[in-house]
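When the chains are written out, they are named A, B, C and D in that same order, and each has its own residue count from 1.
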Amino acid sequence: MLGMNHLLAVAGTFAVMAAGAVILPDWAMFLIVMALAKGLVCLGIVGMMRGGLVSFGQGLYYCAGAYTATLFANSFGITDIFLLCIVSAVVCLAIGGLFGPLLAGYRGIFFAMLSLALSMVLYGSLSKLSVIGGTDGLNIAAPTFLGWEPEGRALQSGLYLFVSALVVAAGAVMWRYFHSEQGLIALAARDNELRVEYLGASVRKAMTLNYVFGAVLGGLGGTIAALALGHVDPEFAFWTTSGEFVFVAILAGYLSVPAVFVAAIILELVRSFSNLYFPNTWQLALGVFLLAVIVALPGGLGSLVDRRRKREGAQ
Amino acid sequence: MKQTIRTICATLALATGLSAPAMAQDDTFKIGVITFLSGQAAESFGVPAWNGGQLLIDMLNEGGKLPAPYDKPGFGGMKIEAIVVDEAGGATKQVQEFRNLVQREQVDAVVGYVSSSDCLAVPPVADELKAFTILYDCGTPRVFEDNSFEYVFRTAAHATMDNVGLARYLKSRGFEVDSFAGLNQDYAWGQDSWADFTGAMAQLYSDATVKTALFPKFGAGQYGTEISALLREKPALIHSSNWGGDLQSFLLQATARGLHKRTQLALSAGDHVIPQLQDKMPDGIVLGARGVNGLLAKARGGDLQPLTDTLWDSYMERYGVIPVQAPFRMWQGLLGLKMAVEKAMDDNGGKKPTDEELAAAMKGLSWDAPSGRIEMALGGGHQAIQPTAIGVTKWNNETKMMELVDIEYFDARCVNPPEGMKSQDWLAQGFPGAQCD
Amino acid sequence: MDLFATIFVDGLIYAAWLFIVSVGLTLVFGVLNILNIAHGSLYAIGAYTSASMVGAYFGVGGDAFPWGSYVALIAAAILVALVMGPLLERGLLRFFYGRDEVLNVLVTYAVFLILEDAMKLIWGVNPYYVYEPYTLLGDVELGSLFYVGYDFAVIAIAIVVGLAVWMSLNRTRTGKVVLAVIHDPEMSRTMGVNVPRIYLGAFVAGAFLAALGGAVTAPMISVQPGLGVNVIIVAFAVVIIGGLGSIPGAAIGALMVGISRAASVHLLPEAELFIIYFVMAIVLMFRPEGLFAKTQARKI
Amino acid sequence: MSQAILDVRDVQKRFGAVTAAQDITVQVPAGAVYSLIGTNGAGKTTFVNMVTGYLKPNSGSISFLGRDITGLSPRKITQLGIHRSFQIAQLCNDLTVEENMLVATTIHGSRSPSLLRPAHSAEARDKVLETLERFGIADHRNRLIPELSGGVKKLLDIAMAMAGDTRIMLLDEPTSGVAADEKFPIMDLVIDALKAEGVTIIFVEHDMDIVTRYSERVLAFYDGRIIANDAPDEVLTDPDVQKYVTGVTA
């Protein structure tokens, strides 16, 4: 599966990230936890982007994962983060498996809008369901880790380490997938579906697979976000939430996996500071930043890394 | 993958570099204020509230501007410094901003939240961080009915009061309501308000039938179809908890089609649109202000009049508009905080109080505000009750101002559930323990 | 009045409004291949500008001739189109032609964010009212219900807008050139069509229609921040249902959404929130690219 | 005559009022080399598109080894071993030449592509390099498609079509866009390689020299019909063909 070099890189990445649990101040640790949780969702979009599709509705899975974890936790009193992640992933896998084949036939803006519509339907349904809090949402208790019940800074650190590990694992799995045979087919389909079909591969299957991966990642991201925030509400599925994910995915580009998480962290930092220092014009600041990124980095952050790779390869 | 490590190192370095904490100082009391500066709630609630807050903070810092017991400068002599954050962007963002305020900006207290969803999301974090927090505006009863929090206080009554007050007013003024309908925004606020109102009506007007319950989308702007449905159904009364632009648009469109001539309109939170609509708002609308706020406070008289008038006049002078409900709730929150700080300092020998000391002081506190006596009587001393009032709109052609007439004031214990009882149960059981004059 | 007639009239009024706000969106997409989120901002700017201009009109003694306020409404939309259209198209969007359409959605999303705050800086957060044009046309009694005359004026405006757009595309030389550009920009360029000018013209027209939507709506609402965001999603849904780039599609889409929404409010208010997505899902299930999209086989 | 590997009977295709193909009936024996000639719009590419599933006939049937394949999707037909190249090379523009070829070998190499097995393994790349060398385009392997000349694109397109286990190969104008002096070498390479594996070949061609040199049988198309079906010499001297197709006046 992974070569020795890759295993070392994975372990090294995790070690560096883990150091953050010691040196980072609480607020920064929380910010990174949220950024990485959203990064997981965006990684799913990046996977779809490799097949040429951009989902404007990943909030669907972000929200479904968050609510699954919350309802499961509140109904059965389970707070174990591993268990909650697995349950959400399974539920989102099922939803993704249901919608994936339906949506895999759509392309471009239609795929984007249809996925958006699905997530808005979830938004609307949850808003109506006052039994589970309606638009006000629900709270979820702090997570435990296989019986360990930390509080305060230890809780933050535990969560941070868990997310770091999850991100590294998910990143490695997705990296493996992107560069697998099936991943190459998706990349080819992005360019020329006709050719892929005439080589005898199913574009629909490639798109469905990407979509299902996106669903599971979205569910995991939502679960982490819910546990970190302690709260879920239907806004998780609102179109502006999904739009933000797309923005991170575009900022990262589809060429590099780590770039996704770096992009997510950058966006969180920009948003957090602009909100504090320009409380009246933070949207303006964010918009300008967005435009600047799109103009300056048309291929996303990943293109910086990838260009270098190609040059090195050529030498 | 090597660059992965490099990028992550860089990010971590960046993050730590930004983390130098702001130094806490003993001669200032730093509060984080969160309220809507953008979006629909900015105009109706966020900006007027913050205008009122700024005004009060300036007056307190200067000292001697307000009648006793609020004549001492600042909070116990400490200068009040405020950082304001936009509440727009959803609960997710607010939890993050809350952590930033507490951990990065090291504020001494947080005062904020108009949106119920933020009020539900923030308290667990406040307790986790042991950060003293005042919820000054939001309405949902769930905050302290479903949970209890050590460091979180709500200095305004929850929304059940608004609709119980409204129903009681209708009954005591002899309105004949054999049928009614609702038009409420399609989110928790509107849904809960409608549930509270129908609950209260079921007790007070048990024969009245519900014609239709409409829930147009938040921010819909166009109410033509809903108005047609209401005209067609011909209910005796229409209840709406709409606020802001949604309420204004609804009133403009409804009055143009004569809805108010066929049916009695009752708006549970409608006072804040008076300054904008003025005579475009028809006479005879039954109107609440979520407490004895705005015009209802101005018309009340009594012991609190000097305090009310001082703030009223200063607000009018600075902003050229009457203060409506939002600044009143900000005032009661900040004045409560002032009382709590000073009480805590009395107890600890004059040091700047810790979060624990503040929480201990705030618990069960009561104080006077322009909106009446605020008592932290519910939720184990964390949830306020306050009196409320309802009036009817009447345009004064001489002053060219909208007035509220036939005002009836309700005691806090008449319109709020007693301690230990959920508002839904209180409504369902016919207001047990209610103390009305 | 009979229930179904009421539903029809209500639906028609709402559909007229929907059509005005979405026809510009579909036109801009057809020509520039950009799905413009900032369309909502242009709508809001149109509302603000018309509120300001109508306010100013009555401020300088327009009471003597209130009908002039309608001129002010239209003039506001033209002003917005002439200022914002070239500014956005020449200043920004032209650098993104031919790029991925989803990326372009994000570009316009950024513009939307910027304009949201820019409007706040210009107009503040306090609402503006211009109710005069709304009440000027009096009431219309239909059966037992009263409607505002202005509602029917909106229907008339929608019809005029629809016919004007259709006529200028199909009955004028420039319009035919525009249709050619929609059909095949590459080919048109080689045929000597000044494509940049067509793009600019189409965007200005789209901006005008968005601003007109706002200007027409301004008298019946309170104009304040957050106005644009709600318009975008419904307008998107309408043009997706109708088929991106199709003018008749926008009309049919608006009617379908308008009527079904009215039916839902009268008969099943609980479903109102979903009805628009429901219609969209049903349509896309059978016509994956919308009702009036031309499905063209690629030449290989 | 051996058994027909491809059996096309009474096939019709209409686009609105235009009839692009009618009464198309032809049996192609296994291992044969057929060429299709005709003016633009005569129905050659429509024929190729119908056989390979891009277009569905309005009526008639197409069978492959006795199995009805009418209306199957391109993917299903490709999986049966009916492969094609394109008039306009169909390549992935964001990928390099090597990666394009890798896509072809990956897909043809396994019926169910793995989600784990790396596509860029040394083994796979060696195989790709070998193919690229055989087609003389190995020097271009790290270049992106838009940087290539028409001839190289065409070769890559054909090379990709040939990557799998082919029973019938349909080549749509294999030499269009190729420099004149390279046409014969390319055809030699392609036809020899395919013949060596016993593949049945059908190619669309405008150059009559190539038609006579490589094909065993010619189908002449005019106005959606096959107007001649015979050996090259016979067809090219047919007066109708000369009148409607080759433009040679007798």
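The criterion applied here is as follows: a residue touches a chain if its C-beta (ideal position, glycine included) is under 8 Å from a C-beta of that chain, and two chains touch if they have at least 3 such contacts.
What you are looking at is a predicted structure, and each value in this text was computed from that prediction instead of being measured.
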Most distant chain from chain C, judged by the mean position of its C-alpha atoms: D
Between A-D and B-C, the pair with more C-beta contacts: B-C
Identity of the most central chain, Cα criterion: A
Inter-centroid spacing, chain D versus chain B (mean Cα positions, whole Å): 74
Centre-to-centre distance between chain D and chain C (centres being mean Cα positions), rounded to whole Å: 49
Averaged-CA centre spacing for the pair chain C and chain B, given as whole angstrom: 36
For chain A paired with chain D, centre-to-centre distance based on mean C-alpha positions, whole Å: 43
Contacts with two or more other chains, residues of chain C listed in rising order: 116-117, 120, 270, 273, 300
Per-residue multi-chain contacts in chain A, two or more chains: 127-128, 194, 280, 282-283
Residues of chain D whose C-beta touches two or more other chains: 86, 90
In the complex, chain A residues that touch chain C: 54, 56, 105-106, 108-110, 112-114, 117, 120-121, 124-125, 127-128, 194, 239, 243, 246-247, 250, 280-284, 286-288, 290-291, 294-295, 298
Complex contacts: residues of chain B adjacent to chain A: 1-5, 7-9, 11-12, 14-16, 18-19, 21, 37-38, 83-86, 89-93, 95-97, 99-100, 102-105, 116-117, 120-121, 124-125, 128, 140, 142, 147, 186-189, 191-192, 195
Footprint of chain D on chain A - complex, ascending: 1, 176-177, 179-185, 187-188, 190-192, 194-202, 209, 313-314
Contacting residues of chain C [partner chain B, same complex]: 1, 3, 6, 9-11, 13-14, 17, 116-117, 120, 125-127, 129, 131, 134-135, 139, 144-148, 150-151, 217, 220-222, 224-227, 229-230, 261-262, 265-266, 269-270, 272-273
In the complex, chain C residues that touch chain A: 35, 92, 95, 99, 101-103, 105-107, 109-114, 116-118, 120-121, 233, 236-237, 240, 244, 270, 273-274, 277, 280-281, 284, 288-290, 298, 300
